[in-house]
Amino acid sequence: MLGRGVWSSVRQGLSRGLSRNVGGWASGEGRKVDIAGIYPPVTTPFTATAEVDYGKLEENLHKLGTFPFRGFVVQGSNGEFPFLTSSERLEVVSRVRQAMSKDKLLLAGSGCESTQATVEMTVSMAQVGADAAIVVTPCYYRGRMSSAALIHHYTKVADLSPIPVVLYSVPANTGLDLPMDAVVTLSQHPNIVGIKDSGGDVTRMGLMVHKTRRQDFQVLAGSAGFLLASYAVGAVGGVCALANVLGAQVCQLERLCLTGQWEDAQKLQHRLIEPNTAVTRRFGIPGLKKTMDWFGYYGGPCRAPLQELSPKDEEALRMDFTSNGWL
Amino acid sequence: MLGRGVWSSVRQGLSRGLSRNVGGWASGEGRKVDIAGIYPPVTTPFTATAEVDYGKLEENLHKLGTFPFRGFVVQGSNGEFPFLTSSERLEVVSRVRQAMSKDKLLLAGSGCESTQATVEMTVSMAQVGADAAIVVTPCYYRGRMSSAALIHHYTKVADLSPIPVVLYSVPANTGLDLPMDAVVTLSQHPNIVGIKDSGGDVTRMGLMVHKTRRQDFQVLAGSAGFLLASYAVGAVGGVCALANVLGAQVCQLERLCLTGQWEDAQKLQHRLIEPNTAVTRRFGIPGLKKTMDWFGYYGGPCRAPLQELSPKDEEALRMDFTSNGWL
Amino acid sequence: MLGRGVWSSVRQGLSRGLSRNVGGWASGEGRKVDIAGIYPPVTTPFTATAEVDYGKLEENLHKLGTFPFRGFVVQGSNGEFPFLTSSERLEVVSRVRQAMSKDKLLLAGSGCESTQATVEMTVSMAQVGADAAIVVTPCYYRGRMSSAALIHHYTKVADLSPIPVVLYSVPANTGLDLPMDAVVTLSQHPNIVGIKDSGGDVTRMGLMVHKTRRQDFQVLAGSAGFLLASYAVGAVGGVCALANVLGAQVCQLERLCLTGQWEDAQKLQHRLIEPNTAVTRRFGIPGLKKTMDWFGYYGGPCRAPLQELSPKDEEALRMDFTSNGWL
Amino acid sequence: MLGRGVWSSVRQGLSRGLSRNVGGWASGEGRKVDIAGIYPPVTTPFTATAEVDYGKLEENLHKLGTFPFRGFVVQGSNGEFPFLTSSERLEVVSRVRQAMSKDKLLLAGSGCESTQATVEMTVSMAQVGADAAIVVTPCYYRGRMSSAALIHHYTKVADLSPIPVVLYSVPANTGLDLPMDAVVTLSQHPNIVGIKDSGGDVTRMGLMVHKTRRQDFQVLAGSAGFLLASYAVGAVGGVCALANVLGAQVCQLERLCLTGQWEDAQKLQHRLIEPNTAVTRRFGIPGLKKTMDWFGYYGGPCRAPLQELSPKDEEALRMDFTSNGWL
């Protein structure tokens, strides 16, 4: 948690009319920053004693840097951000910024439960080099997270953020779907550029694209399992855990979709569904990290209470890759 | 519920090895009947005193007959089949058979809670002219409807059915998703030709196509809201409530998808999502029937306990069509 | 499904003002029939070829007749009523009526999906000897089952029923909780005498008792697992699957509660929770019937698609009884 | 988040065998600390600018101090703990410790998402005067929170905590029920003394009491709505949001239960259900704080994104109190 100083300086900056000139805010012509493309949500490597292993983080990024990603998401749900201290969250982003190419985008997860903490974290993320902030819905009091409450929350964050804001809806973790009417209202904010939607409901995604069509609002699929279908309904990219291990293939799927080669895209998509489910819903981050170990990256342990896979689960995980020809 | 006679004669027929030569069973070359295309799930018209209005049913069918549908689904969830007696169920199918073109397919919903009743109803549906049976998952004891139980159920029905069987998963009504492993196992049955999946999870649909790719198994989308996305992942058609009122448009969407005009398809799909949600999840059959009245068909009342829309709901329903340019 | 004749004669009867004098309707003093006490929801025995075994049904009833039950529920969820034909449903009730003591109550499940079919079945149940009808919420179109729709449904049924009506809410099967405001409204109907609530939410049950306190409305717990707690908040009895095998114990629990021996009641309640869960949520009717076999009743097979327990499940079922000292 | 120093010193302390002599650990005779009784989960007062108002906190505590509570819960879900910084969390506990009577218990919520952070917070809570720690289930990765993971988490926390640990299951906030087998296993830990269960499933609570009967394990109801029923099945007290406004009444309900006056208890319980639901599930902390304002305490605003009640909601909230005779 940051000191009050940051918070105060942000407000002063805004009152002086400065912040609006920074970073990703819409320029005079009203165009929002283009976030189209594929992003791996990078994992946070830990040592055997559960310290962040910044060296391994950099090594992973160098390897991932060889693929035509649009950029990296740091501290999405796969980054174990709820297990990091505030200073670790910032340090990780800072290291990623240094390790990655300048021409790629760094999208940093800055969501916290309170609006104030989210604003502070967003400002700090900007200071350590994030190009945009991905802000997950607050969820502990999900029973009170009405559209009105969420619109208020995101508007405040976007008002005070020096970098563009990407909404983030991930019901598997939060038990909460950012309501459609809130998305439509928020799409009109000049500093909100899009949404990462991990729910997998493409009817909803299509409607989102349709109802925000006059807003220059960009929809990213939150998983590789429905990436092709998302492109088909108008999404412009994806944040895909699977891209941490099958980066070339996810980028190829993007290219096939963008060039209209739907038949080949379909064949490739089909072979990615089971591996994708395996490293997300089925086996979670422990599954993703185990797979990274297999594919030449550093996966390593998760922080507790996340547990290692059992040998039986590990075997099932491997099967999901081998049966589709990836291992 | 049919008499025991039908049941006995079925079993006798099978023991004499006759039934396998009937109707839609796979021919010697092992090809299953082709069910690709668009189907409206026709509604059951009622008079003011809640009798089935067969005249209006025929009128509706004549109007619907002008569109390039592959056929009609009778007694899907939109047909209010749980409100019909067994003889009404059969009579409706019989009338539809007579009213429709011979070269179109009639898919009849024959699902009941017990396996035995489902077999009997399926046999009777064949006798009154159904080309295939759509069999919804039994659901009252959903806590016990394991993959094993459902595989047993469908295998029995398919073994004894003289016509091909289409699986039907509709979690909004049944609270139950037909499990993937059951679908894969059942796809190998020579008399099970496909599935109507109304859940809207295209990741699941894509995986289904992939895992049954060697089985000549056909996937139909259960709703127009995700029809484009379903084609994109390998579905071959759809059973779309919306086709009861926007038949030309749903068929046009099919054509755009089949001819690879994905951009136009996307634009059309976008404009169909809200109307589709309105006549399905949002306002249900009362919404669909009200809209039919607007579009020149006979909608009329539902049987109780389904209620008419309130004036306020009716206004919202209308808005979902007008705001997308359909009214 | 019954013929139209019954339906017509009911309406004629009502128009002549006769029905109101029959059976359980509130007498001139405005008192409703007293349904307090314990009821086993009797199972439907089947032969090896899945025919109803009326002889075994009678044998079971004679054995159950030795316990101080208030009566029997026939065709609750444990009666496999969705698997019975209309005539089987009536025949089972008729046989139970003959086999049971005249001074016990017969509560017959008469719920169907449509209002009309429910009315017809309720009238028929009265004709074959039911003292009251237990009417489950219609559920296939649960998305449209608003309070208004359910109030309309139950009001119609209660208006036309010659016997008192008991509401029945069982979300594990129906995916639907009868809303509190509907219960409160319906409690004012002179022919609705109470509710069987199987949801297990005692806060809701307590509130129900409280908000209907001026209506002579009786709440029955739908399971033995929360029977003590239900008495504590004001319920007057229970419909308990477990009473099919541990009838003496469930009746003893009732007595302990009614005589204020809460400490002994608690000890007994504790030992009944696991066995109760085993024969309901955990192993369903196959578990209940297997246990009946162990306890000297006829359990026998279920109708398909319900499956027999696996040996492993059977062992776990047995453990739930042995570990609590009942086997 | 605390520095590494605390963490290190804890481990050193434990390795020197010191911590085990502190506070609530089981004494030589194996008895765990007695936590029976009623606790209000105190709210965190904020100023108009969203700073913690420690003065108002103390005023509230002085008023609450006049009731026969067993103690106070600080930073349960009603304390808005996810909106507080680590130092605020500790400062609030410290202030409460000073403001409250020495002979009452202070139970402090110390749950965080990671095991390590939870251990650190628990140790710090002990240092600022907590008598026991209430540890909510981690929940962001609920899909991976198996029994094994949760047992590992709580065991680690309890091993390293100098004060007794109370498990805390609150599915409305976490989307997660602490599984029964995990509770039973954890009940055997010498430093785990009980559970606060807010789920409202008394069947589960009764089974918990039963299966931990040899472990000196204490169950607290997490809400006043099912307090009577919880006592009936063997709970020893409750953590009740409603006690922040109707403290005398909740304590009276406890006394009636403990002295076996079940009829009066039932009447009182009935009148508390709607008010309780209003300040918890229905209107949340904004509802509780608004009610505190009415009852002579300082409620004040919540931190964003929690919003104030609308006038219409406020009216409904008031009605839930007036219709039961409390306003």
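For this structure, a couple of remarks:
In order of appearance the chains are A, B, C and D, and numbering begins at 1 in each one.
Please note the rule applied: contacts are C-beta pairs under 8 Å (C-beta built on N, C-alpha and C of every residue); 3 or more make two chains touch, one makes a residue touch a chain.
Please read all numbers here as calculations on a predicted model, not as lab measurements.
Of all chains, the one whose CA centroid is most distant from that of chain C is A.
Separating the centre of chain B from that of chain D, both taken as means of CA atoms, is a distance of 51 Å.
If each chain is reduced to the centroid of its CA atoms, chain B and chain C end up 34 Å from each other.
The centroid of the Cα atoms in chain A and the matching centroid in chain B are 38 Å apart.
Counting partner chains per residue, chain B shows two or more touched chains at no residue at all. In terms of which chains touch, the assembly is arranged as a closed ring, every chain touching its two neighbours and no others.
If you check the complex, the residues on chain D that touch chain C are 200-203, 206-207, 209-210, 213, 223, 225-226, 228-229, 232-234, 260, 262, 266, 269-271, 273-274, 277.
The part of chain C that touches chain B in the complex is made up of residues 1, 50, 77, 82-83, 85-87, 113-117, 138, 140-146, 148-150, 152-153, 156, 172-175, 281, 284-286, 303-307.
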